[in-house]
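What follows is a pair of complexes built around chain A, which joins chain B in one and chain C in the other.
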Partner chain A sequence: MEAVNQRAKELLEKGEIKAVLGYAKGTGHVRRPHFARKAGQVDQLVLDAACLQNLAVYVTKHEVKKLGKVAVIALPATQRAILQLMAERQLRDGELVILAVDGEAVKELDSAAALEEHLALKAQGLDAKDKALLAELDAMSREQRWVYWQNELSRCMKCYACRNSCPMCYCGTCTMDCNRPQWVPVASHGIGNLEYHAVRTMHLAGRCVECGECGRACPVGIPVHLLTFAAEESIHEQFGQRAGAKAKLDYALSTFKTDDKESFIR
Partner chain B sequence: MDEKFEPKITAFVCNWCTYAGADLTGTSRIKYQSNVRVLRVPCTGRIDYMMVLKALHKGADGVIVSGCHPNDCHYTSGNYHARRRWMVFKKMMEVMGVDMRRITFSWVSAAEGARWAQLVNEVTDQVRALGPYAEFRQIIGAGIE
Partner chain C sequence: MANTYNLSHESLNSLFGALRKDGRRIMAPVEAGGRTELAEVETPAQVASDYLQTILSAKEVAFPKVERLLSYTIAPGQVDLKDTEPKAVPTVLFGVRPCEAKAFGALDAVFNWDYRDKFFNARIEQLAVIGLSCTKADEACFCTSVGGGPADATGSDILLTPKEGGYLAEVCTEKGAAILNLAPDLFKPGNGVDKAAITAKVEQAFDQPALTTKLPGIFESEVWTDQALRCIGCGACAFVCPTCVCFDIQEEADPKKGERLRCWDSCGFHLFTLHASGHNPREVQGARWRQRVYHKFSYYPERYDMLGCVGCGKCTRACPVDMNLKEHLIEAAGVKA
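Here is the complex of A and B:
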């Protein structure tokens, strides 16, 4: 942490960046996102096991882009999200200083190519805990899964925290906010919730970097991240690719192979 | 239920193959069950997964999605894109617990009039045996529309 803060301070003092985006102490054990605009504020930044949020969600925001060049303290999930955003042309090379933190090691990166090279050295995929949760879901019968999700989604009040916390949900106008035509009912009743989560999952399938931020952001504790994780894992299984790994856009659903293998089309 | 249950089947078909195939079924005077409501779209690539969910939402008990065989698309690649989308969509619906026996994907060409009749009959029989989609009906009734 010392080294990162030192470097961030240096960059701010030299005027190379306008702000550093990192984590600061929040209420209790919670770490909240923090923009240090002056060198003196850098000392407020902390980095520990409680820092979980994917900070990439902020870097595409108009208010942040307006600041100018920003440095981001990027944990692995944030790195993947930034690379995917670069591949989707939401960020340019050199627009950010990525202070890539992996355990104790810190690396300063500024382009998609450098980020791709950096991420290629690391294992991708879900951790054991999420794998176990997906396996649990997989072991259920179809009826049990329906009951499970209906039960979980019944708490959903469509606050859209899962959407807003997601770095990949950057559309100016979301389908959910669109009322002509109104594809998804606004009210948070059974069908509205099912359709909302189905659409959210499908829009993120092939683009989800598996940071799990949506699940953490949910105020009523619905494991919504399992939906996008399942989609992502299924894409990896069927098409052998992952989001947040390539500098060149490699979106599974905007391409095809003539020999894609399926067994259900009659 | 007093009356015998007759399923409503919504079919999303592409203009160039399955719709023409269904037309051939008619001109060939092949009879098939009348439970199916055919909706013609330009290409299978146009069939958004929301349309499938909407059909179930609006009261369909089963859905057929059909278009040109691979390599036969009028727009060269619409059905290939659609195939990928369905591969992911099907998996996601299974994860969410939607009954995939009610959603049938198929390829029917413009020359396969008899095959269309057979497909509709098979799907209708299957959905009739499954009964109304009660689970889905329940969540539609569970709120204000």
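Here is the complex of A and C:
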């Protein structure tokens, strides 16, 4: 932490960046995202096991871009999300200073190629709890799974905390908010909730960096991250791809290859 | 002036029975998968035993997240329009905190401002609130800074305060008296109990009247942009809020039939009050966040002579990025006008 704060302070003092995005102490034991905009504010930044949020959600926001160049204190999930955003051309090389934190070491990265190389050294895996939950869902019959999700999604009120906390949900206006024409029921009733979560899942299949932010963000405790995790794992199984791993976009669900192993599509 | 009684645990059990016999649904906080939620119960044993607050507010009882206002069918040369009549079930809201009981007043101010909303009113008429004083609070709570308190009876028809062997019961309204009259023997003459000694201590965090006076002068302050920098623009705060009353009217229709629905809305959303012309009165998150604060602490006092916030702290607890309202208000109170 000291090394990363030291470097952040230097960058701010030299005027190379306008803000450092990291974590600060929040209510109770919570850690919250924090923008340090003066060298003197860098000391408020903390980095410990309670820092969970994927900070990449901020780097595409116009309010944040308006600040000028930002340095991001990036844990692995944030790194993967930034790489995926670069692959999807939402960020250019050099637009951010990425202070990639690995234990005590800090690596300063600023391009998709550098991120790809850095992330290639790290094994990505779901944590044990989520793995177990996915296995439980997998073991259910379709009918049981249907009942499970009907029950969970009945609590959804469409506050969109899951969507808005997701770094990959950067669309200016989401299809869900569109009412002329209304593609998906806007109201938070049974079918409205189901369609929203089904669309969100499909839109993130192959793009989800499996940070779990959506599930943490849900105020009513719906494990919505399991939906996108399951879709992402399925993409990995069938196409061998992982979101947030490559600098060049090769998106399974929108790429056609003449040598596809499935004959029906050729 | 409230009449004060003692209500033992056994008597509460009998009271639940009497309420149900009277045809009333009892809604109370229950434990559900590690969360505290409002649900229908039959006995006090089903009520959560140790809770601070429910995640969602009790406003759903009178102002559901989706409400059908009307429906219609279209045939060649004919439109059949059907008004929806409100369905109100006699309901007793048991065990809500004083902050939430008080919050119904803020909803009432809007739903009976220039138009009497028949859906809200039908449910409120059928609703009685048995509040429960707080014996604990957390860092998000600030009721005492907004004119409330852990044992404030405002909004409760009966307010219970836990004490040895049962509760101190303050019967505050006619609706409360009607409940008492269902089983008058259960309510024993009460004695003076020092409520302040039993209930939670919530320090006053800021000078609200001074803040309200100051707000019009700091509209252009940088503080709103700075505070909103980490806001992700979701609706969690507004949807869990017991006083947030904004709604959006949505039409769900096909060429043959349709329904008009009233849905919760949030000033945090970037499309909130977007004009048909394309003009957005609040284009950046800082302006939307400022709207949230001003609506509760400036426009509400100006328009309805009350606050649009009860200091329950639900927004702070629900926020995915820990936007702590109390902290932000303290900061705003310190801004030089």
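Operating definition for what follows: the second predicted complex is superposed on the first by the 255 of 266 C-alpha atoms of A that agree within 3 Å, B and C clash if a C-alpha of one lies under 4 Å from a C-alpha of the other, contacts with A are read in each partner's own complex, and residues count from 1 in each chain.
In the analysis below, contacts are C-beta pairs under 8 Å (C-beta built on N, C-alpha and C of every residue); 3 or more make two chains touch, one makes a residue touch a chain.
Please read these numbers as outputs of a predicted model, since none were measured by experiment.
> Look at A:Q150 in the shared chain and tell me whether it touches chain B only, chain C only, both, or neither; answer first, second, both or neither.
first
> With the two complexes superposed on chain A, say which partner A:A198 touches: chain B (first), chain C (second), both, or neither.
First partner only, chain B.
> Check the residue A:I235 against both partner chains and state whether it touches chain B (first), chain C (second), both, or neither.
A:I235: touches chain B, not chain C.
> Is A:F264 contacted by the first partner chain B, the second partner chain C, both or neither?
Once the two structures are laid over each other on A, A:F264 reaches chain B alone.
> Does the superposition put A:H189 against chain B (first), chain C (second), both, or neither?
both
> Please indicate which partner A:F35 is in contact with in the superposed arrangement: first for chain B, second for chain C, both, or neither.
In the superposed model, A:F35 contacts chain C only, not chain B.
> Output check: A:G206 vs chain B and chain C. Expected answer is one of first, second, both, neither. What do you get?
first
> Can you list the residues of chain A that meet both chain B and chain C?
Shared contact residues on chain A: 185, 187-189, 192.
> Would you pull the chain A residues touching chain C in the complex into a rising list?
26-28, 30-35, 53, 57-58, 61-64, 155, 157-161, 163-165, 173, 177, 179, 182, 185-189, 192, 213, 216-217, 219-221
> Across the complex, what residues on chain A touch chain B?
Spelled out, the residues of chain A in touch with chain B are 137, 142-150, 183-185, 187-192, 194-195, 197-199, 201-202, 205-206, 226-227, 230-231, 234-235, 238-239, 252-258, 260, 262, 264-266.
> Touching chain A in the complex: which residues of chain B?
49-50, 53-54, 57, 70-71, 77, 80-81, 83-100, 104-107, 119, 135-136, 138-145
> Residue numbers of chain C touching chain A in their complex, please.
33-35, 37, 55-56, 65-66, 138-140, 225, 228-230, 232-236, 238-240, 248, 250-252, 261, 263-264, 266, 269, 271, 284-286, 316, 318, 320-322, 324, 327
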